[in-house]
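Provided herewith is a single structure, encoded as structure tokens, for subsequent inquiry.
Think of it as A, B, C and D in the order they're written, each chain with its own count starting at 1.
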Amino acid sequence: MSTNATPGEVPEDLTKRVTSFVDHQVIPVEHEIETDRELLARLRGAARAAGVFAPSAPTEYGGLGLSMREQADVLEESGRSLLGPLVMNCAAPDEGNMTLLEHVATPAQRERYLRPLAAGDARSAFAMTEPAPGAGSDPGTLTTRAVRDGGDWLIDGRKWFITGADGAAFFIVMAGTGADAATMFLVDAGTPGLSVGRHIPTIDAGFTGGHCEVVFDRCRVPSSAVLGEVDRGFANAQVRLGPARLTHCMRWLGVARRAHEIMLGYVVKRELFGSRLADLGLAQHLIADNEIDIAASRSLIRTTAATLDERGRANHETSIAKTFVSEAVGRIVDRSVQLCGGQGVSHDLPLARFLAEVRPFRIYDGASEVHRWSVARRAVRRYEATRTGGTTHG
Amino acid sequence: MSTNATPGEVPEDLTKRVTSFVDHQVIPVEHEIETDRELLARLRGAARAAGVFAPSAPTEYGGLGLSMREQADVLEESGRSLLGPLVMNCAAPDEGNMTLLEHVATPAQRERYLRPLAAGDARSAFAMTEPAPGAGSDPGTLTTRAVRDGGDWLIDGRKWFITGADGAAFFIVMAGTGADAATMFLVDAGTPGLSVGRHIPTIDAGFTGGHCEVVFDRCRVPSSAVLGEVDRGFANAQVRLGPARLTHCMRWLGVARRAHEIMLGYVVKRELFGSRLADLGLAQHLIADNEIDIAASRSLIRTTAATLDERGRANHETSIAKTFVSEAVGRIVDRSVQLCGGQGVSHDLPLARFLAEVRPFRIYDGASEVHRWSVARRAVRRYEATRTGGTTHG
Amino acid sequence: MSTNATPGEVPEDLTKRVTSFVDHQVIPVEHEIETDRELLARLRGAARAAGVFAPSAPTEYGGLGLSMREQADVLEESGRSLLGPLVMNCAAPDEGNMTLLEHVATPAQRERYLRPLAAGDARSAFAMTEPAPGAGSDPGTLTTRAVRDGGDWLIDGRKWFITGADGAAFFIVMAGTGADAATMFLVDAGTPGLSVGRHIPTIDAGFTGGHCEVVFDRCRVPSSAVLGEVDRGFANAQVRLGPARLTHCMRWLGVARRAHEIMLGYVVKRELFGSRLADLGLAQHLIADNEIDIAASRSLIRTTAATLDERGRANHETSIAKTFVSEAVGRIVDRSVQLCGGQGVSHDLPLARFLAEVRPFRIYDGASEVHRWSVARRAVRRYEATRTGGTTHG
Amino acid sequence: MSTNATPGEVPEDLTKRVTSFVDHQVIPVEHEIETDRELLARLRGAARAAGVFAPSAPTEYGGLGLSMREQADVLEESGRSLLGPLVMNCAAPDEGNMTLLEHVATPAQRERYLRPLAAGDARSAFAMTEPAPGAGSDPGTLTTRAVRDGGDWLIDGRKWFITGADGAAFFIVMAGTGADAATMFLVDAGTPGLSVGRHIPTIDAGFTGGHCEVVFDRCRVPSSAVLGEVDRGFANAQVRLGPARLTHCMRWLGVARRAHEIMLGYVVKRELFGSRLADLGLAQHLIADNEIDIAASRSLIRTTAATLDERGRANHETSIAKTFVSEAVGRIVDRSVQLCGGQGVSHDLPLARFLAEVRPFRIYDGASEVHRWSVARRAVRRYEATRTGGTTHG
């Protein structure tokens, strides 16, 4: 998505460098992340040294400026450790926020918000989702409002499941500014009226800064805080949502591959009924189904990434990819757990952790059912528009 | 399975009493179990008062002496709280050990081990599973050995995933005593040479006493510790394994029903796109699939329970039921999580916990793949034995 | 459902007699049905001689008067040949029409219509389904109308997918007689204004008399033709619809078991990679899944049949059973085809024929999607009615 | 795969031209193919005029010389009519045989066999599969043998499921010529000792020339009949098998898309419960699942085609694609049938025909289970070769 990147062939060297970096520098120490407070900083230094830091960020802000198609390979590799995307500064929500800022922010905003984000000096959050009856999967029900007050805006409302909120340097906030219109605002942490509440205790723990409740209580921001145009918040956010869905897929596919590799490492060693588990039919069809799900997910991600690079927007395609990949990733990790038996559900292997980490992916960023509903509606509309065979043609 | 019970119609009053007990006495306080140390004792008193205590135990030991068919209804109801089976003293592994002791133990052993178990005064463990390359799903590879030493036996070996080991008053230990023969022993906690090691950190937390590593190091027991006959351990254990598989199904189906109920409570309140979630097609097919899986699981459990009551043994049928129900329960809880969206994967609802609790059920007591392998082999053998249409006839 | 029958244990002798009859008298000649015009009559004679004729019909009309629970076993066995139910006079739609007439018809109507049906001297049809925009899965849109004309009724409308219409001696016709009310009429073949049109060319060919278009053009019938009460057609038809759904399940499960048996016969003989196909893991999990689907379907059918015997009506339960069993039967036949490879999709084995015969079962008598929609709505309503845990309790 | 083609971007004009040709020239008359004997010749003339004839054949033989990646789009479009590939001369088995001849044949063989094939003047067959206990999915058990006799070869053996055999001008025959070695031979129809037997009556009818039994009884061919090198038959055949698997996927995906389009045409018109079926949730999730399966299949086909263009061989990848796509195509057609209800299973729509046509695709060219077995074995071998994270990396 970077304007610096020419879509096309992926630099194979880079992908290999990422694989090697994750295999040799990240995975061996990933279990130390909770005890070694210096680890992240050290690893980020190593990532910079290896030339794999900030793959999605524009080159003028120090990133690698990769196209979506190029990110497909690199982010998948980064995802083979839960820690990889964080270390390489291509984790959600920062990675998606960089894309958004790159395309929608003013030069001044980019300097102030994008530069530290790309450098890994700050974290950010995207504050859109609200508790019922507010905007969850249905943005039309947004209850957070922003009203003009002199030259400023006053924001009021409640958000939740705001990933990375605890410790974020700034928030991109979606607030209603008209009957059916919304506007995005850049709000610095510490702004009076903005408070970050509890971490919602979810089964995943892989996102720095948690999934938090955030309250805006007469939170005053200047007019320069508007990101993009007033009343164009939903349209502008699309620049982020489609690509962010897809980069999620890339990273989670990395997790799934790691699970598959751990399982292969187990089944080639474990004996059952006098054979290696790897050679028993009862295991082989699960192994094969994993390979099939990995190949299909990867093809769909790469094809959709190329489409995004070409067209800039591909909501139908990213909905399809997100739905398929989130479910495939769940199946892959589940089969890997199953084949590792009792160890699969114990914390002696990381698979049980992966199982909890990937489950919410079928819900976050639009539940599978909501995406299916959108996909069906678009399919029907396209069919009606053409009344030809071209409906499903890509 | 109790010798006291006449298989037949289930006392409807009892089932209703259990439902009411779980709804009004257990569920309202279940979240306090980790903080209120007196809670379990109080609830067990209430269970006795309500006449729902120890449904599987023989009447002469103070239990309700229910047949398997009768237990099907009662244990399902008990399972609607993760705490229910523990409170009602029909949780694994004690419930299965009571069955085993009732059928295989000597009168003296019953008095010493079954009586306190039935009364809820002691807990127990069944020590069969071993770490690789020992006996997991393949009992032929048992590495724990018992050898005669004078009038005693000396047991040596390592076990793991021994449910309830921490705090168990005694262990039923499977140890090899011949080329292809094994023997069960009753070993008191505290016997020199028996040590309970770490709790294997698994994703489920619902079993009191954990899943532990247990080591036998020249652990000496008298000949009166033999449970059943010498060298007949595997055959005798069948008395336990088939029924224990099925009572697992009963309790887990209760968990699945509870998840379904919690989800229904959510979808009738949550609005999406201007309708109740409960009325949207995107939710309805998941709700219906839950109802179908619940009905099919329950029918299969009841039918198989009746077969066990009639025949005493039904390995093919319990393998089928365990495989189907463990997978159906997983699907039901997963759909319930999905329909509750972000809350489904948060600990604001108990669904996320249920998800972790039920996942190992597809692995414990024989992984689905191993049961499928047995089921296929038996189906083929039966076909060959008859060469008629009677293969799958029940 | 017969009033003569006492629900309870199934006479095992009868089931065995049916198995033997189908194995030794029907299956060996089933392929001759299209060339040997006397075959059916001969086989029906044999069925009478074997005491397996008309199992669903009341004893006073010459049938066996079996309860639903008893029919579960007998009709499953009959279904192991596509010809079995026809030979034994328990095929659709006659079997369901007998149930309806037994419960709703006047004594005179029973004598005139039920007696020859039970004796196998006449066939019948149930004319409810209409082409769009009429009543398919949605009875509220019934377009066939009956209006009083003197003491008579005049029926006008179009029906289609009327099973068995070609050659039926009489039709049970559902016609609108009020705003939301409908009435059933008994209309003799040959009545002026009633014409049977083309056989709709469907992929199944197992129903005698086809699935036809039927037109009513000022078709005059006397008031004695009313079956049940005027304006109570839908309510009265429920007596037929629930049980008929379930007897379909019984017969189709028989087809599925036959497919499974044919497949077992193939895999024990066929060698692949130096082993019997039956012993290869790649086959075993399909064999096991068939066994599981057969066991789950059978349990669900028997349990639901017992519920129908007890309560007389069980729409929720029969919807669930029909949905599950129709899909399970499809899976079982499909896996059987798959394991027989090229022969599975050739007409050298009957499996390819079975595949076509069972596919419409997921559509006829209410498509799976419509049943799921009803099941979900009922589940939600029950939940709201109780607000207790009793929702899914049976 | 053509040596003339430069892999890369697909000429969009060509794809559109094919879509238009199929929509306007083929689909409107496809139902006349069995009655109008001149139709095929006329349509082929139109295909030549439209510049869409023989897309896979090399340009020097009059074809379009498309790469695999380019064929992916064009063959998918051709497949939207069962007649399309035949009309455009890119149907199996000729299309695969052209690929094989192009790469393995001598110049003289190409002139004699490839030229008329590419021109559409002759049909061909590939004779490898044998009845049990011969070579089905397991080439190691080949029983057809060829032995030298003077300068000639004598071929003896039985083949079956030989697609297109009836009317083929020549056969490419795989025969054993050593312990583990086989050789391919070009055998003209009419050669003494070669006889084409019965058409095996399969559920699909879309292949001209049927699936036949073929017998070789001392069938004498000169040494110039050897295709490729002696004893290198299996290795040489790989040139055909991988690509042929994938072009099957392309054509069948076209069938699936056509089914999806017909279904969309139905659901936008049909009313149920007062709404268009297209707008009901019970239909939307099936529509969405079709869109997802189409997108995933297409991505996998295109990615695998590009890999074949790059590497020339990709057995692992084509096994994965064939397994996934054959199953996805089955699901898509099945859902389309389901949504069209009674009409879906009637021959008033072509869907029922499609259902029968696509079912064998999960068996032909290697059953899903055999491909899964190969995929698992390769996955394990690759893992063992690397012991790194690179196992599943593509």
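Heads up, the rule we're going with is that a contact is a pair of C-beta atoms (placed from the backbone, for glycine too) under 8 Å apart; a residue touches a chain by one contact, two chains touch by 3 or more.
Since this is a predicted model, take the numbers as computed values, not measurements.
*Asks:* Give me the set of chains touching chain A intersected with the set touching chain B.
*Replies:* Under the touch definition, chain A and chain B have C, D as mutual neighbours.
*Asks:* If you tally contacting C-beta pairs, which comes out ahead, C-D or A-C? Let me know.
*Replies:* C-D
*Asks:* Measure off the straight-line distance from the CA centroid of chain A to the CA centroid of chain C, and report it in whole Å.
*Replies:* So the centre of chain A lies 51 Å away from the centre of chain C.
*Asks:* Can you compute the centre-to-centre distance for chain C and chain D, using the mean CA position of each chain? Integer Å is fine.
*Replies:* 39
*Asks:* Show the residues in chain C shared as contacts by 2 or more other chains, in ascending order.
*Replies:* Residues 281-285, 369, 372-373.
*Asks:* Can you list the residues on chain B that touch chain D in the complex?
*Replies:* 280-285
*Asks:* Help me check something: in the complex, which residues belonging to chain A touch chain D?
*Replies:* Interface residues on the chain A side: 19, 22-23, 80, 257-258, 260-261, 264-265, 267-268, 278-279, 281, 283-285, 287-292, 294-296, 298-300, 302-304, 316-317, 320-321, 323-324, 369, 371-373, 375-377, 379-380, 383-384, 388-394.
*Asks:* Touching chain D in the complex: which residues of chain C?
*Replies:* 129, 132-133, 136-138, 140-141, 160-161, 200-204, 211, 269-273, 282-283, 286, 337-338, 341-342, 344-348, 352, 355-356, 359-360, 362-364, 367-370, 372-373
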